[in-house]
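Shared chain: chain A. Partners: chain B in the first complex, chain C in the second.
Entry: the complex of A and B
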């Protein structure tokens, strides 16, 4: 890869990174129009027309039971079904999104399903919002302009060679054990050169290497981001799937889904994620099958804040 | 003991001699890289049959001083190249991990489990 290609890749990754930082709840439309099972298609038409919307969830006691769109409305109109109950024309199989998922999961969902909007539900499975691509575009533009402003402010300040401020995103591909580990080595040298104590450097190296290997061994591809300042190292790992079915299992030492080939590379002992958690001062993991996994590990650089057990 | 002391022992053949001659303060025996990563002490000599480039990457990150490959396992070229880049010595031995560990423990003046 030559240098000219690196810069645009870096910025497109920045967009992806951003998508992981945002939650669906921060982006979705919270004022939702919905109809109940008792409504007929005429009601649906009136609500859609008056509010210029192209689809609505159908709810039963706040639970989403279907979705009715402009398409269904046109079909009903064509076949003289405007007095029919909405149940007859709606799509009954609805894919919903959880409001606390990262926005990137929603983007995977838009790619995977043909729907143009997704009802969003809370932990109790109650409808709390609706998410369209428009919401995502708005959020992205807002966030990118904010970042641009920040970058402009930063560029006015001189660069300090000994400074710990650093952020970079590395792309990792499936089964690319050849390159898995490179990011960790670079970060290790970066911290070492700046006089960070060896014990702390090692904790960062452990967390970042395990996450890197996880991306290579278990995901279909993803990225590893580093965000460093004088107080802490934040490592975030994001992948595009397949997602972890049971996060509790994945966090259990000795549990592994690694295949023989991965094991032949010296990995798959089922210690990866537990190792990351052990060396981190803050640790969070989130995963959804079919959408991806995101892990965030933070290691403090200021000794008074560090994990006592280390 | 130092890394160069291993080189002078009959049981070990030095396969890659571009290394930093560090002090060896402990030993760790394992074939699972995550285990090495998580548990090996800094300054350890790693005793393993995992003759792979990734072993070097993990060793470098975990601060391993030298690697001993047991049972005369063949060493891939890319592993040796990687260890030269990282400045970590790699030795080969016909002994198994148990005997090698015992031998190293003896030279280190016992092991902490005793």
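Entry: the complex of A and C
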């Protein structure tokens, strides 16, 4: 979360920042009920009933090997399998989430998979929590209420035409090359009108444009957010998928997964992300296959802090 | 070098641009159909030669601060491109020469 400034953000940017800023570990239920392979369906029924839960991971030495839900329980009951081992009835292919992933990835996972809960694992792949939609709703409501209170406490500030304080989120759709670049043009004019040096404006414009084109060419759609104050421009790109399999490759100059059509539009030379990094003072990327990619690029507006190589 | 000389050397058709386009100063040239390469450029007073006749060519030029775009091979220029060039104050030209030949011609007159 952005702690350095207190200016009210545009609402969608606030939500976007929230989804970036919150990590799964902060939101998940840490008290997890799980069963081992040795348990039978009768045990499962007792634990679910006593704790009012609708599903449980099955673990072997803290590793998740399956998930058993109310549905499996009903099937077992119907077919007289209550004394069977849980292994017989559980779903063996489980999608887990990493605890340090941003919440936005989890939301994509809920959209992509039919599961109503995801086991959460740490770096050692050990079960540390469980994430349901309820967790996400609670976290979002809690955070949004906190921010609303904060905004109410702030007195309204007059609009200043010379002020650099600005925030806005643009939506980008897949293959919409016609609109890809509009946001960057607007931000470029905004900075130019406020007397930001041309070289700095160019760096912001290049980073923003490359990210815009990435959203249009490579993602199934997403958002590009700008958060500007007198010290820096922060550009956040956030898409809904498909996610990058190997981020290191994506950061290698010349590596590209672009198809012929993207190339016919003049893009896909494999220079996009490296170019964003080149012009940025701070750069961060996170991605997970099936869940999405987020990139954050910061460009300082105060010369003493700027990237020396520019 | 003034744009007027360049336009003459390329036998380029003026499509749209600011009133005083003849006086625009050009110090360097990028010739590419890959906009990613164009975006890597950090030169000033830049002219873009490209066979990519799309709005993205105009946008990319605008992003790197280039004031002049020359479309090679006499490719058709769309209305959208003209409108965008107008918005961004970019002078837009079309030349019958292919990209390579256009570069050779520019190289001859721009050589110090």
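Everything below uses one rule, namely that the second predicted complex is superposed on the first by the 284 of 310 C-alpha atoms of A that agree within 3 Å, B and C clash if a C-alpha of one lies under 4 Å from a C-alpha of the other, contacts with A are read in each partner's own complex, and residues count from 1 in each chain.
Everything below uses one rule, namely that a contact is a pair of C-beta atoms (placed from the backbone, for glycine too) under 8 Å apart; a residue touches a chain by one contact, two chains touch by 3 or more.
Worth saying up front: this structure is predicted, and the values here are computed from it rather than measured.
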So, after the overlay on chain A, do chain B and chain C clash or fit? They clash
Key: Touched partner set for A:184, first chain B, second chain C, both or neither   = both
Does chain B (first) or chain C (second) touch A:218, or do both, or does neither? neither
Does chain B (first) or chain C (second) touch A:238, or do both, or does neither? neither
Check the residue A:277 against both partner chains and state whether it touches chain B (first), chain C (second), both, or neither.
neither
So, A:206: does it touch chain B (first), chain C (second), both, or neither? both
So in the superposed three-chain picture, is A:265 touching just chain B, just chain C, both, or none of them (first/second/both/neither)?
both
Where chain B and chain C land on the same part of chain A: residues 177, 180-181, 184-185, 188, 198, 202, 205-206, 209-210, 213, 265-267, 269-272, 275, 278
Given the complex, residues on chain C that touch chain A span 33-37, 39-40, 42, 50, 52, 54-57, 59-60, 62-65, 80, 87-88
In the complex, the residues of chain B that touch chain A are 31-35, 37-38, 42, 50, 52-55, 57-58, 60-63
Per the touch rule above, chain A residues touching chain B in the complex are 177, 180-181, 184-185, 188, 198, 202, 205-206, 209-210, 213, 265-267, 269-272, 274-275, 278
Per the touch rule above, chain A residues touching chain C in the complex are 177-178, 180-181, 184-185, 188, 198, 201-202, 205-206, 209-210, 213, 265-272, 275, 278, 310
